[in-house]
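In order of appearance the chains are A, B and C, and numbering begins at 1 in each one.
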Amino acid sequence: MLSKRMLGLCATAMVAASMLLSACGSSSSNAGSGLTGTLTIWHDWAGAYLQAKQAIVQKYENLHPGVTIKLVNQTDDGKTTSAVNAGTGPDIVQDPVDHVGSLASTGVIVPIDQYESASDLSSTYTNTAAQSVQFNGHVYGIPEVTEVVTIMYNTKLISASQLPKTTDDMLTFEKSYSKAHPGSYGIVWDVNNVYVDAGFFYGYGATIMDGTGNITVASPAGVAADNYIAQYSSILPKDLNGQSATALFNEGKAAAIIDGPWAYTGYQTAMQSLGSSLGFATLPMVNSTSTPMKPFVGGKAFMLTKNAKNPQLAIDFMKFFTNESNQATMVASTGEIPSNAAAGQDPTVTSNAAISAFVAQVNAGGVPFPNTPYMATVWTPLGNALTAVWKGSETPQAAMSQAQTAIQSAVQQIKQQQGG
Amino acid sequence: MLYARRATVAAFLLPTFIIIALINLYPIFYTANLSFTNKNAFHLDNYHYIGTQNYQDVIQQTGGAFIHVLLITTLYVVACVGIYVSLGLITAMALNHPRVKGKGIWSILLILPWAVPTFITALIWKFLYDYNFGPINQFIRVITHNPNAGIGWLDQPVAAFIAVVVVNIWMSYPFFMTISLGALQSIPPELLEAARVDGATGWQRFRFVMLPLLRPALLPATILSTITTFQMFNTVYLITQGGPFTTGNINDPGATEFLIVYMYNRVQNTGNIFINYGHVATVAVLVFAVLLVLMLASLRFTNLTKEVKR
Amino acid sequence: MSDQPLEALPAEAISTVEAIARPRSVARSRANTADLFKRLRDNLGVIGIYAFLGVMVIFALFPIYYVFQASFNTTQALISTQLQLVPQAPGWANYQFILQQEPFLTWMKNSFIAVGMATAIALVCATTGAYALSRFRFPGRRFGLVMLMVLQTFPGLLAIYAYEQILTTIGLEGQLTGLAIVYAAGNIVIGVWNIKGYFDTIPVELEEAALVDGGNSFLAFFRIVLPLAAPAIAASAILMFVGGWNEFALAKLLLNPDNNNVTIPVGLQQLQGENSTPWGYFAASAVLVSLPLMAIFLYMQRFFKAGLTIGGVKG
């Protein structure tokens, strides 16, 4: 019985091998005439986003009838890592750029300098986007889009002049708005989310993470930032999070929200159904440092995994996806900042209120979203610390230094793993 | 008892043995082996043995909190299992009452929570518990006429603990209701009637007639569920991530950070790209050791092996 | 099938069994003398039972009702600052989306394949294993039965790499069949315990007669015992099926995430964006996912009555 099964397995293996061989044969004989093959992409697109992205994929498949592209929503990098190492991973991963360093350092993704040099990158893509995919002197991906958080507001509830220019203004505005409108709130956001709160920390002069693993959230600047955020806990809903912030804003129960392009289409629809429209404003200036809030300027990128069977095809697809015309069409519905510099200058893009607002935020202040591997250590400890302070169970000083210690030790662990 | 040749007995046991050896036994050895290596995201192929380093690391990382975690986990398990087994049994007895009409409808309605995928269950309940927008608090506000009323279900340690216990009861009692109902229906009504005639009170009939007959049916199921509850990860993780965390100190366990959740959070502290396979394996071995001791103790305590005597 | 020897019953039960022998008329005459108060008290008991069942149904159904009404809410937002018990903008859009836009039916098919196979494999193992444990005496028999349970204490979720390695070796990694084998292993123990309990109640004389007539153990097993044990097998199958149908974590970790290769819970989870939860779609899918199980429960309920004997209480 067992031997029969083994025979069966061998037969399957042989069939698979012969198929593989014939596939290789056909692709090499077709080289030059046109691209063929199958590309698997693991991505994080969902909902309305996915439709805009699928349109480009469709276009590429129509252009190259021999190419099939499989889109798979898969965002767990642990799974990506183990699948790629087992040889069952995708050809391309589309991921936030803070994952570039970790995926590169563990060898899940491979450098693509031979297909796209650093200078090629900077001639096609915006400087921010080009920088975000470079790690340890190599190019590790093609940037898809750039993202940043900014203020979006309900034009029916407040006017542009009411929006705070400084952090002190913002606190005053929050207090006065909910006083004037009981049950409603001035500005809401995902208050304990490290990504969204980063703007405060960097505005106050603290560093959440840099390329060497340095973190200064426990410095006076970091503590001051958290202290500032915690002042809102007595005004805003108790367990305010991303979802409830969105709901409040969509229902007209919050005048403004700090959020990014991924949420923009939803807000626009909601504002329409409220008979209002969506306004934009840049984040305020921090009074104590006289510097603007500096949110993470991040984004998404396509990266080539070490499983990619046909790198040329994969790179060709990435470049096609991010060419001027495709980007201009795509961002019109997604509100993301195009990574393609020329697309950013396209009249349809420059006249797009949402994209212009996000670009304005990048110009007003922002820090590149760190793409170091150490970024992976930040989220949980700092998130827990922010939550503990928000709920009043710890002081900013204690929570920030505990988080910093935890993150430093995790960084140390990664360095040790890397070493031996 | 039948007589059979050894080969025949072996043939009957073979399918079970193959699957158990492959899926239950082999992973234990594989994992134990892995726990002595430095396999991690940077050393996936070129890993080597590093002695008990992983054990030292994991014990150092979890430190004195381990006992605390074990205690809250035990409390969670006792609360969950105690309540859902009783609730399942009581519901089954209610349904089995000779004068209750519409048994089919009642039991279908009561079994429904079992039909909801666990991951959806977690999302639903997380939402029901939301402080500002969850229907539970909204309901409290409606009946108290106080727009500021409400319980911080997922914010306060005790409330969060109760919250995850309730979710587990909700999703687990239908299983015990079903098993108890099956067992109850197989008890000849004459037996209970006879006891009643003998003047046994309701409690006595339950304690001395029903329970002894239900015991063999409920005991294995209860032990299995206890194990599953000890290993509870998904539901709790999806609802609270182990929180609420009252400090920024990563080593202080959250109020619902039960054994596996706690271990998972510790080994994930470098982000889930940098999985330290050696550490994960070490945690698995340690958890296995703890549960094994508890299991063997419970086997001794409940005399489960006696059920196998025939 | 009430061949269970009296010795096997606990001592407390024996006296009551003996009591059955008394004439029925005694009970009846006592019932006749019951006064009005007693009847009232009896009715209060039944009312209490109905009240209890009512509370339980509310507890069981409120979360489900909430999802059900949300499945008809076309705004995708579940969060509202007001208590909302009926959908805001009712419609079928969520169901349409799930059934048309997403390969929901493929996911359902995959779930049926994986869980169905797991149930089949586990039943083959559990019936044969339970038969050996019930009918034959061999060294390590009791140890093996308890060991099945003890092995469950190993946290499989943390041994995912071991599963991956085994499945890769036998060429099933990422596939539904591979997942089915892992599920099957988890199902065997409950199957063995339940089915063995039932086998124990089937008189061994039937098989002995068959063996004397020149049959072998396998024939006796297939021809005599299996058909008789149908209720227990069906009940075990349901328990196994339900467990697998709802399982998320192992499926998520072990399956190739290709949208056409995943089971329902994984497919649904993939609908979730990083910053948004499409509640309407989730709710509609939750309703659709539960339907097959409800149908199974409805149809198979009679087997629960006859076939659930984990540990063996059949009298």
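By our rule, contacts are C-beta pairs under 8 Å (C-beta built on N, C-alpha and C of every residue); 3 or more make two chains touch, one makes a residue touch a chain.
Source: prediction; values computed, not measured.
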Centroid-based (C-alpha) most distant chain relative to chain A: C
Chain closest to the middle [Cα centroid of all protein chains]: B
Contact-richer chain pair (by C-beta pairs counted) among A-C and B-C: B-C
Gap in Å, rounded to a whole number, between the CA centres of chain B and chain A: 36
Separation of mean Cα positions, chain C and chain A [Å, integer]: 42
Centre distance in Å when chain B and chain C are each reduced to the mean of their C-alpha atoms: 16
Multi-partner residues of chain B (at least 2 other chains): 130, 132-133
Residue list for chain C, restricted to those that touch at least two other chains: 79-81, 161, 277
Contacts with 2+ other chains: residues of chain A: 76, 82, 183, 244, 247
Footprint of chain B on chain C - complex, ascending: 2, 8-10, 12-13, 15-17, 19-20, 22, 26-27, 30, 46, 49-50, 52-53, 56-57, 59-61, 63-64, 66-67, 78-85, 121-122, 124-126, 128-129, 131-132, 135-138, 141-142, 144-146, 148-159, 161-163, 165-166, 181-182, 184-186, 188-190, 192-193, 197, 200, 204, 207-208, 211, 216-218, 220-221, 235, 239, 242, 245-249, 264-265, 268-269, 277, 279, 282, 285-286, 289-290, 293-294, 297-298, 301, 304-315
Residue ranges of chain C in contact with chain A within the complex: 77, 79-81, 161, 164, 168, 170-171, 173-174, 252-253, 256-259, 270-278
Complex contact set, residues of chain B against chain A: 38, 40-44, 130-133, 147, 152, 154-155, 243-251, 265, 268-276
In the complex with chain B, residue positions of chain A that touch it: 76-78, 81-82, 85, 99, 102-103, 105-106, 108, 183, 237-240, 244, 247, 373, 375-377, 379-381, 384-385, 387-389, 391, 393-394, 398-403, 405-406, 410, 413-414, 417-418, 420
Chain A residues within the chain C interface of the complex: 9, 12-13, 40, 42, 44-47, 49, 70-76, 79, 82-83, 86, 88, 183, 242-244, 246-248, 250-251, 253, 262-263, 266
